[in-house]
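The structures considered in this document are given below.
You will see chain A twice below: alongside chain B first, and alongside chain C after that.
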Partner chain A sequence: MLEETLKRIQAHKGVVGTIVVNAEGIPIRTTLDNSTTVQYAGLLHQLTMKARSTVRDIDPQNDLTFLRIRSKKHEIMVAPDKEYLLIVIQNPCE
Partner chain B sequence: MPPPRQRWRLRWRPGARGLAVPLPEAKLPPARRGAPAPFTNMAPAQKSCQTGKISTAEVAVQSHTSQDAGVQTDQSKDAARDFQQEVQVDYTRLLSFLQRVEDVVIKELNKNWKSHAFDGFEVNWTDQNETVSCLHTLSYPDAQDQNLQVTSVSWNATGSVVACSYGRLDDGDWGTEKSYVCTWNLDRRGLNPQRPDLVVDVPSSVMCLAFHPSQPSLIVGGLFSGEVVVWDTSRIEDPLILRTGMTDDTHTDPVYQVNWLPDAKHGNHFQLLSASTDGKILVWREERDGRLALAEGFALVAQQIPRSIQLKKLAWGEAAVGVTSLSFSHFDPRVFVVGVEGGYSLKCSTAAQTEALHRTGTSVPLRAPAELAFTPHGGPVYSVSCSPFHRNLFLSCGTDGHVHLHSMLQAQPLISLQLSKKYLFCVRWSPVRPLVFAAASGEGDVQLFDFEKSSQKPAVSIKQTTAESPVYCLEFNVKQTQLLAAGDATGTVKVWQLSSDFTEQGPREMNHLEQLASEVTD
Partner chain C sequence: MRGSPRLPRASPPRGTYHCLPVGGAGRPSVVGESAGNAKALSPSCGRIGRARLPARCHGCRINFRSPVGRGGGVGVPRGRAAAAAAASRGAGGMPGKAGDRHQQGQTGPSGGKAVPARPAKSVSKKRDEDASTEMGEGLDEWAAAKTLIKPPDQLELTEAELKEEFTRILTANNPHAPQNIVRYSFKERTYKPISYVDQMAIHFSLNGNMILKDSDEGRCQNARLSTEAEKPPVEDSKIISEEAEIKDEESTEDIQAAGEEEAEETGTAEAAEAAEAEELPPPRPKERKLANQFNFIERASKTLNNPLRDRACQSEPTPCKNFSATANQWEIYDAYVEELQKMEKSKEKEKPRAHIAKKEEKRRGRKSTSLESQSDDITKVSKAAKIMERMVNQNTFDDIAQDFKYFEDASDEYRDQQGTLLPLWKFQYDKTKRLAVTAISWNPKYKDLFAVGYGSYDFMKQSQGMLLLYTMKNPSFPEYIFSSESGIMCLDIHNDHPHLVAVGFYDGNVAIYNLKKPSSQPSHKSSAKSGKHMDPVWQVKWQKDDMDNNLNFFSVSSDGRIVSWTLVKNELVHTDVIKLSVEGTTMQGPEGLQLQTFGCGTSFDFHKKIDYLFLVGTEEGKIYKCSKCYSSQFLDVFEAHHMAVDAVSWNPYHMKVFISCSSDWTVKIWDHTIKTPMFIYDLNSAVGDVAWSPYSSTVFAAVTTDGKAHVFDLSVNKYEAICTQVVVAKKKNKITHIQFNPVYPVVIIGDDRGHVTCLKLSPNLRRMPKEKKGQEVKKGPEVEIAKLDKLLNLVREPAGQAGR
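What follows is the complex of A and B.
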């Protein structure tokens, strides 16, 4: 069930990689190579925490639901949660 | 309220042989937290004490023998794996998390795929530089007085030092002129373009140079005499640290290309590779007494060239195939491409096992590395360059003034461009833009070609010299990507600053490159 869900996301149009990270920023599941995964996991975990604290500082009743970063080459999407983080990297069609 | 604490302070009391002795200080009434100390009428008392006379003696100790030992760990092959611990994962909660977010993520992925919101949206993070300009014009007047030409340029590992070698490229016969290797540190204040930071006198013409990829002070040079030497620019008295000398193993013709090769067994060590028109490609390793010893080698012999193309009968007359240039693939460290005097390029592999039918004996048996021969140019190939962005693409240029873009999968070139009516001496891919390369022409131009803009004519043509004096060599600076150094026959090295469109990768460039590479005809 777990693998099927991840496969469905990975098989989506343009998806370059999928990473699941736990609350400490350690990658648990990934479709990318080791060094890239570790880089993405560490950096995005920190950025997500910063984004979340930014949202809550502005309005303590608010909370982060989704994070999207658009760069020249891809779009990185982060779905946050109390215990896990799902990172999906997509190469959008232009 | 907590009891007042005794305050101790170390006081320097001279006269007691310089020993610091802790002294108790007179107790002051404790200040209330947050309030300034009460201004009471207190008379602090001072007390001190001193020890009795201390006897000392002086003794000296010296080691009789000493030994140096070093310890170093080998660089871990997979650094990432070292940091990964065994993580306890609760699969039920992970599954419920994924089920919760799956729909949201799929929806966002779909939206993104169909979105046109960012079409044509570009952000300028750096100041846009519109034109190409000459930052520095470097030369060594003594070498110019002797009419020496710049044969090769190289940037060091940090990108701040450029080195050039002086020699002669149009000497037909054996030249015994001495030459120079000069370095300039461009980031230094007070840079004098006519005074190199370091000048090394070399007894023979230096034909090619290469800085070490990670140690900023080591340079290897290939000489007209066939020798390979290594200099350490941080040593002021005598920078020469390694040399092959003239042995049976040394090249018998000028060395036109030298490279640093990472040692497969010891990750931190490097070996040296040299290629010469005597047909041999030799790999040298460092020996203790400052000599370079032959570790392994390859020899290109005409009979062993794979016959996928029609080679002129003339080629068989001389058995050795003269190598003029060499480039390693950035993707597979065993694959390299050589350009030869016969006008064609060869795809070779260091993993080749067949022995070369080589005439002269060497201490280590030489192997035949050629796997595939590509369609020839109309004259000798002077330069080849493998693409840092695509594993199959490489460029070759030669005396016919053409540049060929080849895919390693087929013998015919993908694209053939005429960039000069005279010779083309050097071609290099850009380290940041997959579709850009630079070529040095015999008419004195540095031509920058951009496949994104046009596949027929160069995007920019920079006039380096007047009076049609050829530009012999050029190198992009990998660390400061807007710099390009080019050396010419007047003995000058010009450092060009490129405009921003040559230093920033566009969003669809890799796709365009893939498209170019896949136009392989079966």
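What follows is the complex of A and C.
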């Protein structure tokens, strides 16, 4: 079920790459090349931790569900989980 | 160097002399002799202390007069070996040995080199010539064996020089003592030589520990020893034996001669014991202890230093792990929440109703543990992946999402009451491309989730069916997928249990799908045994739970039966509610049987408020008003249409009004108390479905097989649709169903190609009564009812008023 979902995401229009990162910031699945993956994983992991910490510091009952970074070239979407992090980079067609 | 051993002397020795090596500069090597000149006494036997040598050395039997000595060769190792061998022969071999040794001695200081043998045959020959009879074979051998080797640095001396005699004088002077010591005399203020120099040379000094017996110290010691004798003899004997050892060699006699007092001090332990046993020394007055302050003797002994050895042992370092954490507000909160949960769990366990709870917990626990054991794999990301998929879709269909949310067609103002339908998303799934949409329903709980049933209306082409649930958040892929062998004809989602979907099949079966369970098969299904329909089931509808709290739904089918299905203990139990018998069609069959033909129900709808009341539409075009209580009688019959009634639906607000549509191209609105319809609309094409809008009692929509959707608002225009729009891509596509979303201003339309389209209603279609200034706008169902009532009143014939 999960594999299909990931495949569908990857096959979706405009999606550049998909990365699954574990709790320690180590990428376990990726469709991009190694150096890019490592870079994305490390940086986004830290950012997600920070974002989650921010949200929960304000209200401990709250929690981060999704993180989106829109840049000029593309959009980076991060879906955090208890232990994992799912990162998708997409070129939203405009 | 003492060379020759003590030989049996033929004549008494004349003073001490040594046989010195040959070669003139014989060096005296004994300390104590004067540094007199050593004389080379003979070629091979150097003697001192003599003026003249005999022809032959008395000890050595070497002929001195032979000119052998020149250059003084040295006996070769062969000579040495011969000499060693000859030594055992006694006197005969002695001279060779002695001489050899001396020669060796000379060569020692002069170099000690192993010089290759140089056979000096001529020399030996001469020797032999001069040899007396006394020269035996041994000597011959020796002479022959001996080869004179001249060391390269030997002094070359003449014959005369060699025969020179040296005199040596023995004095008692210390050769090492300085002879020219000078001291500064303060009296004369000059350096003056000292005439007398101490000539004593100390060769060896040892501090002994012997004390003179008669001295103070000695007497003191004696006294001490005598007192100690009273102590156990063993110790004494030890001490005694020690002392004895020390004094053993030289003073044994003294001790023995000492007398009674020292009898204990004698050497052996046995003697001491015996002595002690016999004699007891008289106690001596203690003498003043003399402390020897000056003659300090240090005695030291060194013990064996045990060699040290390192022994080390290294253990495995304990595994270390770095741990770091932050203490944030939310971490503290999490800890508290965990603690709270634990406490609650423990409380639950304590309670007596823990039976059920425990079981549930166990099941939950098992589930969670089984999940956890599978953890460490990637399936935990499934939730995140779902969200991600929706986000990705949102990005892709961003404009549509924006339209859905915010777009309001501004041009509606200029359209004068006409409205439009804005197409939004299109939902399709590749496996349903050949199937027709046979049923659509929104989920009552999740307003974005809707269920679509797939099957086929074509009698000839019947294939499998599918049940898909889509969400508007993800237009690319359905959330739930179920497949079945037979085409699905209708579905309904339970209001209170939004995870239960009742489904009717083309083959007459009904089934319940449970969305919470992951399987693709229905959780309950009817079968031929359990009273399935003979013909396709055209409509199913959930009812309220019956008195035993069992789930319950109704189904209507072409076989004329309306069946109530109850889920009793995981089984579907059917109850025939009504058999639709067609009036006046009892036929006389053969042999007098009364055959009754049944009408074929094609649709039904239950009243929202009046529980037992429901409407059934049939293939003949009749609409029956029925009650659940009466199983054989209808309450009323409406001659509605000429062809099959495709849909009937009660108005959500008005209690009396319902709508019906049919393949005879008409849509009719009825008041159930009046036999004739209130409104009739002809849509020029077979009407597939009709639906009331949830937000207004006067708005409804109908879809026709020519691909058009018609929206009517009775309060705006009683006779015409305010919107007629083609909503499918190809004209060939026939629209089969339409449903309004209960919350959002969208409708979904399904066609017979398996497509589901979502359209947004433009503002004109959603018009609410305008607010008048100063007047409160009444909201709520009463308003709607009143609105509709007003309309109806206009329509109703005055004659009809009597019948109300």
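Throughout what follows, the second predicted complex is superposed on the first by the 91 of 94 C-alpha atoms of A that agree within 3 Å, B and C clash if a C-alpha of one lies under 4 Å from a C-alpha of the other, contacts with A are read in each partner's own complex, and residues count from 1 in each chain.
The criterion applied here is as follows: a contact is a pair of C-beta atoms (placed from the backbone, for glycine too) under 8 Å apart; a residue touches a chain by one contact, two chains touch by 3 or more.
Just so we're clear, the structure is a prediction, and the values are computed from it rather than from any experiment.
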Q. When the two structures are overlaid on chain A, which partner does A:I26 contact: first (chain B), second (chain C), both, or neither?
A. first
Q.
If we overlay the two complexes on their shared chain A, which of chain B and chain C does A:P60 touch? Say first, second, both or neither.
A. second
Q.
On the A-aligned overlay, A:S35 touches which partner chain: chain B = first, chain C = second, or both, or neither?
A. first
Q | Overlapping contact positions on chain A, where the chain C interface meets the chain B interface | A | 1-2, 5-6, 8-9, 12-15, 20, 28, 66, 68, 75, 77, 79, 81, 83-84, 86, 88, 90, 92-93
**Q.** Complex contact set, residues of chain A against chain B
**A.** 1-2, 5-6, 8-9, 12-15, 20, 22, 26-28, 34-35, 37-38, 66, 68, 70, 72-73, 75, 77, 79, 81, 83-84, 86, 88, 90, 92-94
Q: Flag every residue of chain A that touches chain C in the complex, lowest number first.
A: 1-2, 5-6, 8-9, 12-15, 20, 28-29, 53, 56-57, 60-61, 65-66, 68, 75, 77, 79-86, 88, 90, 92-93
Q) Which of the residues in chain B end up touching chain A in this complex? A) 78-81, 83-85, 87, 89, 91, 93-95, 97-102, 104-106, 108-110, 112-115, 118-119, 505-508
**Q.** Touch list for chain C against partner chain A, complex
**A.** 326, 328-330, 332-334, 375, 378-389, 391-393, 395-396, 398, 476-477
